[in-house]
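What follows is a structure written as structure tokens; I'll ask about it next.
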Amino acid sequence: MPVPLLTDSAMRTSENQLTSMTADPSITVTVRDLRKHYTVHEKEPGIRGSLRSFVRRNSRQVHAVDGVSFDLEAGEMVGFLGPNGAGKTTTLKMLAGLLHPSGGQVRIGPYTPKERRTGFLKLITLVMGQKQQLIWDLPAYDSFLVNQAIYEVPDDQFKATMHEFIETLELEQIVKKQVRKLSLGERMKCELAAAPLHRPRVLFLDEPTIGLDVNMQVRIREFVADYNRRYNATVMLTSHYMADVTALCNRIIVIDKGRIIFDGDLSRLVEQTAPAKIIRLQLSTPVTVEHLASYGHVHSFDGLNVELKVPRAETTRIAARLLAELPVADVTIEDPPIEEIIGQMFSQMRAEQRDQAAAGEPASVA
Amino acid sequence: MRPRRYFRLIMLLAGASVSAQLEYRVNFLVNVASSILASGGALFGLSILFSDGQRVGGWTYREAIVVVGLFTLVEGFIATFLQPNLSRVSEAVRTGTMDFTLLKPIDSQFLVSAREVNIFRLSDILIGLGLMLWAVITLHSATPWGVALGIVLILAGLVIVYAIWFILTTTAFWFVNIENLTELFHGLFGAGQFPVTAFPGWTRIVFSFVVPVAFITTVPAEAFIGRADPARAVGAAAIALFLFFVARWFWKFAVRSYTSASS
Amino acid sequence: MIRHAARKARVLFTVWFAHMLVYRAEIIIWMLSGSIPLIMMAVWIGKASSSGGSVGGFTAATFAAYFLAVWLTNQCIVAWAAWELDRLVREGLLSPRLLRPLDPIWNELAAHVTEKVLRIPLMIAILFVGVHLVPGTQLTPDIPHVLAYTVCVGFAFGIRFLLSYCTGLLSFWTTQATAIDELYYVVAGFLTGAFAPLSLYPASVRAVIDWLPFPYIVYYPVQVLNGNLAGGGILRVLAVQALWLSVLILIRGMLWRRGLRQYGAVGA
């Protein structure tokens, strides 16, 4: 992680920021029993369906968010995970004041988002990976200037922030080019720089890295981490790329079908859901698969490199045995990748729900 | 970005769209209101022009209504068949989706011309036909031969409109950033709601030969009211054929230079 | 407070100016496609010359002055706010705008006003040609009438802009806002005086039309420019325009508040 270069003016303003922050009451986010229900009209496909619904509509209630509660401390970085349609974006939009809740409360600092007070709008920002706010036919710098004027950012603070963002996101070559001529990644970096120009204290990021290559993802992660450190900003992030979440967030909230199904440390999620660990061995002489299988489930094997999946509780014991009994050159013990864990968590839940539905009674422990 | 294109998409995704059903009704109402207001306005404007009871360019009020009817009909043709298709061409060239069209094993000019129909604007065509029929019948001057010729001349007029519209659209292959060149013609086509003889001096020449509006509305109208001029009728057919082949050639030329230029 | 407002205005104008420059070719095409007043000018001049030089008190020269002024006024009041709002809502681009502490109407207003600035050169060129094409055409009698017209046409633009903006706000409820806004162009021909000078209309029709905002968008500003109205008449036009403006501002406020509630309830 490169250490951000602080120029004199940037240094000065970040100090100002620090003193003003201590004067500020710290901004916390409180969400209580948040709900959002929609009425959806349904139509059968084709002309016939269109004609039928021209006359009579079918409608159905959808509970997009169904009783969500959590608190965010100032400066916290939280990953917000869940399958498509779980209610992540709906929740973020309610937190940003774009959607009005059907029930429950949201407080961000002294504000209620849906009132859309100027003070609130200056306190937050929302980045949507698939929606752009930059002016398409002009260089991104023009959009930055517009944001400066709209958010009433003083000149010296604007310059310092710009300098800092241009540095961390490597924008020098980009900001003077027409936005329409930028690549997807370059455009996203500019979007990301435009959003917190007014130094908001709460950042909502909805898929900020979608469609970007790995390098660009890393760069954007560094930018977010840097911003969080510098301004003690609260960050709530949704992403399809688990690496975004593992790199940035200690705490994660998992949502499914509009309800929170997990809220806590990443490490606790791993322990709770993944009852296995991976032992990775490098052997100095080949061993047969059959022999290895007596220690645990062989995950992958190519003669000298072996991955074994073993029960979490027995990891230490098995590792000791392996070291004692096999020609081990190197050993590492890891948790399974987070994608796998979350995927497993959802498939477990689905299976339980199926069982419940099938048996008509609570699922029993197998 | 073309609004109509998105509207189409919304149509397709109607199952997911909350207000799709409402849209059909509002869309229908708005288009009918628009058709009625437009032709009502044109008739009212015409009545002001004729309020002193004098002929204008040798046409009586009732005869000029045939021209207004034809004008409404052609406007409806443009809105129903031309605009929904051809307005997408420049965007397709700009974004590169034209490549998909050119890859299809079917005539590309046909494909870009006949992909969509905006059925809601059929109301214009119906109102135009109605106005024309009403004026022609009450004039008692129509002959069977004249009506038959008139129908042929309407078709010739539609071919002329299509060809001009299509030629202007084809320029999109070179003028990537100019999306609305067809609006230039559309604006001038407004002259078609009057008999071309109502225009003074050189403007009459302009609307006959530079922008052949006269051959689209005035000449068919003459046939319907039994005043067909054989020379002008032949002229309309000749111009229609000529422009159609120019449009065809121009499109092939454009596609050829497009495919050889892009890698 | 005022300093901030002035700064916002300045930045928005500069940025929109740069943006509109990119679209200068499109702007010229739009200007030339609004040719109905010029077509009507030709038709009425033809009519005047065939009926002995004048119709209803208008000669070829006064028709030319009238329709050139109509064309100019049409150029000054062009508004596409409905189309833009419709696009913003449909493409989900309104959300980012709503997160900013500035009502989106100001952004839209800045875009419209800067676009007008780019229209000026071609406006002057076409007026120059038009005036010289028809002998004896006098567009305006003197400078004070031009100044009065400037204010009048500013108000007229305000009315047309707000009409379009209000229609655009219907996008919160329907995807047909653009189509509804196009109705303006359908009725503008005969309600604003682009087909014929309203003084040639039957008195009964005239009495109804005068109660609508439409004549105050084109016909009356044209009367001011042509010098057919003097002090008191001009003030009356301005007063009625101001009234329509206030009504539309109230409606815009109401639609905006309800629209946001609707947007908040359903989202986009």
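Each chain gets a letter, A, B and C, in the order it is written, and its residues are counted from 1.
Criterion: a contact is a pair of C-beta atoms (placed from the backbone, for glycine too) under 8 Å apart; a residue touches a chain by one contact, two chains touch by 3 or more.
Being a predicted model, the structure only gives us computed values, none of them experimental.
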Contact-count maximum falls on chain pair B-C
By Cα centroids, which chain is closest to the centre of the whole protein? C
Just how far, in Å, is the C-alpha centre of subunit C from the one of subunit A? 47
Between subunit B and subunit C, what distance separates the C-alpha centroids? Give it in angstrom. 26
If you average the CA atoms of subunit A and of subunit B, how far apart do the two points sit, in angstrom? 53
At which residue positions does subunit A touch at least two other chains? 38
Which positions in subunit B touch two or more other chains at once? 18-19
Subunit C residues counted as touching two or more neighbouring chains: 266
Subunit A contacts subunit C in the complex at 38, 90, 93, 96-100, 114, 116, 118, 121-122, 124-126, 128, 131-133, 135, 137-138, 142-143, 145-152
Complex contact set, residues of subunit C against subunit A: 4, 7-8, 10-12, 14-15, 18-19, 22-23, 92-93, 95-102, 260-261, 263-267
Quick check on the complex: what are the subunit C residues that touch subunit B? 25-26, 29-30, 32-36, 39, 42-47, 49-51, 55-56, 83, 86-87, 90-91, 173-176, 178-180, 182-183, 186-187, 189-190, 195-196, 200-202, 205, 266
In their shared complex, subunit C is touched by residues of subunit B numbered 1, 3, 6-7, 10, 18-19, 22-23, 26-27, 30-31, 33-34, 37-38, 41-42, 44-45, 48-49, 51-52, 54, 56-57, 175, 177-181, 183-184, 186-188, 190-191, 194, 198-200, 203
